[in-house]
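This is the structure, below, for whatever I ask next.
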Amino acid sequence: MSSKPYAHRASRIDSQRAAQLREEISAFHGEYCSVLDRGDLEQWPLFFTEDAMYRITGRENADLDLPVGLVYCEGRAMMHDRAVAIARTQMFAPRYNLHMIGLVRVEAEEPNGILAQTPFLLIQTLVEGPSTVHLAGCYHDRFVRVDGQLLLAERHVIHDTNILANDLVYPA
Amino acid sequence: MSSKPYAHRASRIDSQRAAQLREEISAFHGEYCSVLDRGDLEQWPLFFTEDAMYRITGRENADLDLPVGLVYCEGRAMMHDRAVAIARTQMFAPRYNLHMIGLVRVEAEEPNGILAQTPFLLIQTLVEGPSTVHLAGCYHDRFVRVDGQLLLAERHVIHDTNILANDLVYPA
Amino acid sequence: MSSKPYAHRASRIDSQRAAQLREEISAFHGEYCSVLDRGDLEQWPLFFTEDAMYRITGRENADLDLPVGLVYCEGRAMMHDRAVAIARTQMFAPRYNLHMIGLVRVEAEEPNGILAQTPFLLIQTLVEGPSTVHLAGCYHDRFVRVDGQLLLAERHVIHDTNILANDLVYPA
């Protein structure tokens, strides 16, 4: 085992700049989750670029670098369709969603965007039921700046929790 | 669906100022939760203004704009009484409380205070038991500044979790 | 009950300096947890000073100021041995770990280090299983600065959750 300090391996970005970006990305996550937790699904695609990629996949798939996943959307139009479908299922099986966001880790700031990872929990509560951890995982994001504000160009929602493939899973 | 970027809808406050306030409110939450998690209930009312309002209510009630709720305190004296009652029940059914706080979202800074929302989890552990999500929800707060420091003038604890009306619920 | 504002009791540090340290410690936690959540156990001791102390103990023991605990490591070498042992058990009973970190609270900055407390959840997911709160608790840390970067000189992981003494518990 090397005794090389941990940070020299992990950091591909200046620590002051990383702090700024962490703050900005945290603010983004706060708005994003607020929209989802209020059930305001039609606003969800607006957090992405027009041609963004959104994917939900298990950690096992991600570790094997498999492109497959539970959910795959390319572009806002596909996300919009998905949002409509989910809004419909919510009418039949109502539940409350609450996203808890962990610490943002900025990996790199590159010409094609900012790479960041953020752990999250999606807590679900069925009517008359307790609150449980529905999904635990980590966002692997690529952000770009459009008119000064951050938008997601890519979000890979990589979950630890085992979920059924036919589940119309709520956006994370 | 409009393609208007999300932030133009949500923001009623300059982003730099919002960042400052998020930091300050996070520090407040940290102290608040530390007091509760240590079981130091008599300090709890000190985070509020003398005539503050504290309410715990379900999301269903909140969505319907109903004033009712599980808990309603007006002023520090009522909170103090509640703290004493809860401290007593804790002697008979001991449990550990741990508050996990999500990302602060500052909605507005107005003459009558700072409006902010923050998701939270209250994790409870009974003696010899596992830790479970006892309460999942969101603080809807109004902060005012007294002698330079933030105090809660209003806290609406809006929970997703279904809880029994006669439960002497621990402060969130 | 005194009406003395809460902060005059808690703060032993200037609020601006505390904000800086909270940011820096949050970044540290982010890297630390990322290493553990990826299963990169051999990097774990590198977050500590050479002669650091690492302890996992129940809140009951901690409240009674008992030095005992479930896990006790003195120095990186002991942590390394532990990491190897845990890596081995993970091969036989695979599970995913996800650390969710709460708000950092800086208690003091003293000649012998920075004292901070941070609540955490360790979420575990067994293969084919749901995600559950495996451990809920609070880090009681002492950080020192080595070559400009923070390292843990002491970490007391004080958990609320009841865990079996013979469990080869994953680092928190």
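Every chain is named by a letter (A, B and C) in the order it is written, and numbering of its residues begins at 1.
Here is the rule we use: a residue touches a chain if its C-beta (ideal position, glycine included) is under 8 Å from a C-beta of that chain, and two chains touch if they have at least 3 such contacts.
Small disclaimer: the values here were computed from a predicted structure and weren't measured.
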Original post:
What is the Cα-based rotation angle between copies chain A and chain C, on a 0 to 180° scale and rounded to a multiple of 5?
Top reply: 120
Original post:
Does the chain A and chain B pair touch with the same residues on each side or with different residues, judged by whether over half of the numbers are shared?
Top reply: different
Original post:
Hey, how far is the Cα centre of chain A from the one of chain B, in Å?
Top reply: 25
Original post:
In chain B, what residues contact two or more other chains?
Top reply: 100, 132-133
Subject >> Residues of chain A defined as touching chain B within the complex >> reply: 23, 26-27, 29-31, 33-35, 37, 42-43, 45-47, 50, 76, 80, 96, 98-101, 123, 125, 127-133, 146-147, 149, 151
Original post:
In the complex formed with chain B, which residues of chain C make contact?
Top reply: 1-7, 9-10, 15, 18-19, 22, 59, 100, 102-105, 117, 119, 121, 132-133, 135-138, 160-162
